[in-house]
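The next part holds the structures, each set out as structure tokens.
Here subunit A shows up in two complexes: once beside subunit B, once beside subunit C.
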Partner chain A sequence: MNTVITSVGKLFSSTAAPSQGQNILNNALQLIGIPMMGIAVFLLLWGTAAQNIDTSLGKFPGPAAVYEQFGSLYNEHIAEREKAAAFYERQEERNAKRVAQDPTYEPRIRKYTGKETFLDQIFTSLLTVMSGFFLAAFLAIPLGIAIGLSKTLNTAVNPIIQIFRPVSPLAWLPLVTMVVSALYVSPDPMVAKSFLNSLITVTLCCIWPMVINTSVGVASIDNDLVNVSRVIRLPALKHVQKIVLPASVPAIFTGMRLSLGVAWMVLIAAEMLAQNPGLGKFVWDEFQNGSSESLSRIMAAVVVIGFIGFLLDRTMLQVQRWASWDKSSASR
Partner chain B sequence: MSVLLNISQVDMEFPTPKGSFTALKGVDLQISKGEFVSLIGHSGCGKSTVLNIVAGLYQATRGGVILNDKEVTEPGPERAVVFQNHSLLPWLTAYENVELAVKQVFGKSKSKRETKEWIEHNLKLVHMDHAMHKRPDEISGGMKQRVGIARALAMQPDVLLMDEPFGALDALTRAHMQDSLMEIQAELNNTVIMITHDVDEAVLLSDRIVMMTNGPAATIGEILDIKLERPRSRLELANDVEYNRLRSEVLRFLYEKQRKVEHITADSSAKKTNKDGQEKAA
Partner chain C sequence: MKHLGSSLKRFKKNGIAKIAACVASVGLAFAGNQTLAEELGWPEKEELKFGFIKLTDMAPIAIAYENGYFEDEGLYVTIEAQANWKVLLNGVIDGSLDGAHMLAGQPIAATMGFGTQAHIITPFSMDLNGNGITVSNEIWEQMKPNIPKMDDGRPVHPIKADALKPVVEKYQADGKPFNMGMVFPVSTHNYELRYWLAAGGIHPGYYAPHKGDTSGQIDADALLSVTPPPQMPATLEAGTIYGYCVGEPWNQQAVFKGIGVPVITDYEIWKNNPEKVFGITAEFAEKYPNTTIRLTRALIRAAKWLDENNNANRPAAVKILSQSNYVGADYDVIANSMTGTFEYEKGDKREVPDFNVFFRYNATYPYYSDAIWYLTQMRRWGQISETKPDSWYVDMAKKVYRPDIYSKAAQSLIDEGLMDAKDFPDFETETGFKPPQKEFIDDIVYDGTKPNDYINSFNIGLKKGDVL
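The block that comes next holds the complex of A and B.
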């Protein structure tokens, strides 16, 4: 397929006349036209392949079926919201009546407990991944700086990092679940236990790339810059703030981008495994449901997961471009 | 003249896996206020080590350095260093690079306006006032080195230490920088120790040239007084008898008396231990 695309690309570029207007047009074709063509070829292949796969739940969904599902998933969301609104309305009416009968009665608002829609699950997953990611950054960056600055600390901590780094966070999941349910006991919990489980799993998976990249970035600061800091006698904290932190920003961001990508993948798996709310649960529920529409709904979720992963990465890249002085490190 | 800086019987040994390596042995040098001293010698002879000991970045194994009757034990702004590859912080503009040093060194003793004027004054001194809000990656190598010099000058050091300041520049830029440095020197009359590989540069700029023997256990071989009149002009000096005599003195020392015998293996290992990884910058 690659060769097809490149040869099409050559077709476009070889027709180029040296005038500038045509150049711009050509660039636009290269930038938009060729990716579009790639997508079109992919959709075509997908559609043909899908027609030839028969499962116990019917044919494998093609692009059209998935597209249809997006519409109905959105409609379901709207319908669910209307139901919820109606529920609260009824409740309010009832409460108002009771207060009218008995002025001492204190009305209680009961929460609507309908099932989460696709859009709710997307929101939950995004919230979880971002919270876990920021918690990891909050822990990992100071730790990475400390490790990068101190050879002794590095030697002490390195074996632990090396052993825990390759462990899939999913292996931690049962332990996390048990520890959370043992320690997180409160009559009025601020966040759900399931949310906390997913969050800690994400954190566990984000923390290692961030610690390693930060520490490597800090340890590989140009010796001359450190000498400059020594000559002007910057105190330790100012040294970290003025020299170490800015110098290792590119490395820190590389670690953050890496870990966010992995975190998003792991989170979906964790949600499937632990039945915690989120896109993973949506996929698993549809699979268990086994209706004739399940496969296309799952496929829709797959596309959305991919799209969100892509957007997360692009967003990180933009933040990196904005925050980092080393523009070349952000171009990859 | 009274002695400002006394480098007294300095030995330097670096520990290596194969035992200690003696880089310097009995380096002894006195420098007066306002003197411009060049250190010249083959690469790997320990010039940079001497400079780093004066800067306080290294500690001498034996002997020591006394500046203004105080022993040097750590780096400090009174011994500002101009590094070979400028070592500007790449995320700060030229102005901010100088500012970081000025704020740290003078702190609250200068008001906001005084600080600003002092930074701009120093950047003007090195002819960088037109590009002071540019970042290092937006200016040329020579300009970066100018900013590095401005940063060092802005600390008002007792001794200015320059580690092959123009080594990484092309010949034309280097000549230009040397002229600028002479101009600044005529105005400020700083005490300077400069490391160089370049014989012409040494003769043109210095009051004294300190020639170092080859390592290991390098030490001062000869000291040459340069009594050429200032201001010096490179064009006029090109045909000057005294200038050419001094120049050939240095050349004779480097290429006859201390001719570098290249033992590939021994030499490269000596370099590594001796210059502590700084060689890669050369």
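The block that comes next holds the complex of A and C.
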């Protein structure tokens, strides 16, 4: 617990401007002490509230129960890894035996068939969200630039964007699922259908903030810059490369940061509904299991989801700062 | 390769003296393999994915995996929980699942074209019994005065739906719909709940698929609707339904949570009724015949293990099932029914040794008469909208239930000495029809060879010639 708090503290302190020597102690108190106090009060409130909520699955889990679950989730992960090692060993033995009997057989090592642990599911979720996000960025930024440059295109596309932007992932999901299973047929698929379903849903939902921010950024470039480009007669592509892109970088990154937040939220919902592997599925499975530990395991997942969301946002902020010339935009 | 290398090293170390012995043993292994290869080849498809719904009767799949029976057959199986029966069926049809734990009615309905059309077959029947009907505490309190008591004050079981009838009538008089949950339109649970209600004079409603009505609520006293098994307790608690019919552990879960009371088990509605089956597409069985036989072998071994030595392995099985990737409910909840007891009201725990049967009484053999019983119920409630000749029922059963595959798998297990011939029906003489069965709650006798006569024998239900 303490390590978590200090690392949270560190994250906070890194965002603050460095100050003069004599204030360091004061600052440390401000930056570490106060958030710590906030967390302590929150834990206390949570603990007392939890004790007073009786569900049909027992008491609502307090901080201690959740902390305990982290331990057992980790132990499960280790146990599963051991099972996996035994699985591979058995497989090699079996392959060797079969080759001895049937020399034409080409032995292959198959992936472990056991369950995905909590840690595996965190990793799957991260991979899905990043893939969906990058796919969205890949589509959204060129589209946003085009819309920003051309008033006509903007007028044409704007109504469509405005209509699709507020659509919840849950509405897209059935359509995506059906389309993917109709179009993505291959005997030996490279990626699982479920992965593709979540990825496309994430893309569909997080593409809009990027498109809008990019187009607004591009449309509001300083007229002087555009005039310079005109005067020196830059060809269209050079104009985009030398003037438009650098000028709209802050806006693009603001859009990306918003999108990543949306993507993470959407992903959990999509995984939950479509039973695609990941943290959302973990939560749903535990809900369905209805065991006496289910609630504390779900709560553990909630904490992890929140923490990862926070880390993603901070990472994006750092990237934004590093890539952008307009330092003030980062704090928006 | 590593093993080959190390055995080579050992060769050198031990010298020529051992070579003769080694050659002999390799020769033996080779000979053993040849007899096996003649009867049963290597699996054509080695990596398989099976789906299941979180119910204790998925146990044969979990055990075949955990005990390594699938691996013994050279099959690398991934087992995945599915959200509901429709998702599971679609998965098998579109090929994202190779096979699945299915409701007995699902392969039949799919082959017939009620719901999604696809030719699904079953080489293996997964279990007998295992379901229960639970009502909410509020309904139970109103039913209780209508139920005779034993000397110690506990209600006499089995409880008939006669005790529920006045309650339903009261709701009807008040203009309130009496809602109940079942897990799927062609589920065992739907037919069992309907059977129980109708036996007590409560009309559960007709289907009329030819008119596009698949809600099954025409003329109904009690309105039945679909809820996925794991959500049953939560839906009951929310008050959306007053009772449900579902497999374990979701009846015992209601007792543990204190939100409802199981009133009857399906064992008491029809003694040793067939429950789940293992479903695969006909295409899969045709394309991968060896794989099909091998997975059937693994499942037969798992079922045997589950019932061995008078249920001695059940506690170990419960421990496996309580893992979060299988059923995931608490050990105690699952153990209640799996280890031969059933808790009705809190504290009223009774012996039901055959509540879950996985192997004894030839539970795993896919009997045509079992398939025909489901077909008769589909006709009774209008899912089959027109009268069909007896021969149609038999043909349909033979199209879906495949004892030929089962017999091959079982015979190879017997030949290898892994099983005993006395564990199985005599494959030479078995017709696939059980003798007329008498142990139903309403004492109506079921003879699988005469489906139309059976359909005509019910008070409530469509009869010969009836069309809605």
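We adopt the following convention: the second predicted complex is superposed on the first by the 305 of 332 C-alpha atoms of A that agree within 3 Å, B and C clash if a C-alpha of one lies under 4 Å from a C-alpha of the other, contacts with A are read in each partner's own complex, and residues count from 1 in each chain.
Methods note: contacts are C-beta pairs under 8 Å (C-beta built on N, C-alpha and C of every residue); 3 or more make two chains touch, one makes a residue touch a chain.
Keep in mind it's a predicted model, so treat the numbers as computed, not measured.
Enquirer: So if we stack both complexes on subunit A, do subunit B and subunit C clash, or do they fit?
Expert: With subunit A aligned, subunit B clears subunit C, so fit.
Enquirer: After the superposition on A, what does A:286 contact: first (subunit B), second (subunit C), both or neither?
Expert: second
Enquirer: First (subunit B), second (subunit C), both or neither: which does A:90 touch?
Expert: second
Enquirer: Check whether A:222 is in contact with subunit B, with subunit C, with both or with neither, and answer first, second, both or neither.
Expert: A:222 sits against subunit B, while subunit C stays out of touch.
Enquirer: After superposition on the shared chain, which partner residues are touched by A:151: those of subunit B (first), subunit C (second), both, or neither?
Expert: Touch partners of A:151: none, neither subunit B nor subunit C.
Enquirer: I'd like to know which partner A:246 touches here: subunit B for first, subunit C for second, both or neither.
Expert: Touch status of A:246: first partner only.
Enquirer: First (subunit B), second (subunit C), both or neither: which does A:230 touch?
Expert: first
Enquirer: If you stack the two complexes on chain A, which partner ends up touching A:165: first (subunit B), second (subunit C), both, or neither?
Expert: Touch status of A:165: no partner.
Enquirer: Between subunit B and subunit C, point out the one touching more subunit A residues.
Expert: Touched residues of subunit A are more numerous for C.
Enquirer: One more residue to check, A:321. First (subunit B), second (subunit C), both or neither?
Expert: A:321 contacts neither subunit B nor subunit C.
Enquirer: After superposing the two complexes on chain A, what is the shortest C-alpha distance between subunit B and subunit C, in Å?
Expert: Nearest C-alpha pair, subunit B versus subunit C: 52 Å apart.
Enquirer: Do any residues of subunit A touch both subunit B and subunit C, and if so, which are they?
Expert: The overlap between the subunit B and subunit C interfaces on subunit A is empty, containing no residue.
Enquirer: For the complex, give me every residue of subunit B touching subunit A.
Expert: Of all residues in subunit B, those touching subunit A are 55-57, 74-77, 79-81, 83, 85, 87, 89-91, 100-101, 104-105, 135, 155, 277-278, 281.
Enquirer: Under the stated contact criterion, what part of subunit A meets subunit C in this complex?
Expert: 56-57, 90-94, 96-102, 105, 110, 113, 115, 181, 193, 275, 285-286, 288-292, 294, 297
Enquirer: Give every residue of subunit A touching subunit B within the complex, in rising order.
Expert: Interface residues on the subunit A side: 222-225, 227-228, 230-234, 238, 242-243, 246-247, 249, 325-326.
Enquirer: Would you tell me which residues of subunit C are touching subunit A in their complex?
Expert: Touch residues, subunit C against subunit A: 1-4, 26, 29-30, 33, 37, 42, 46-47, 54, 65, 68, 71, 74, 76-79, 81-83, 87, 94, 96, 230-231, 233-234, 237, 253, 257-259, 322-325, 327-330, 333.
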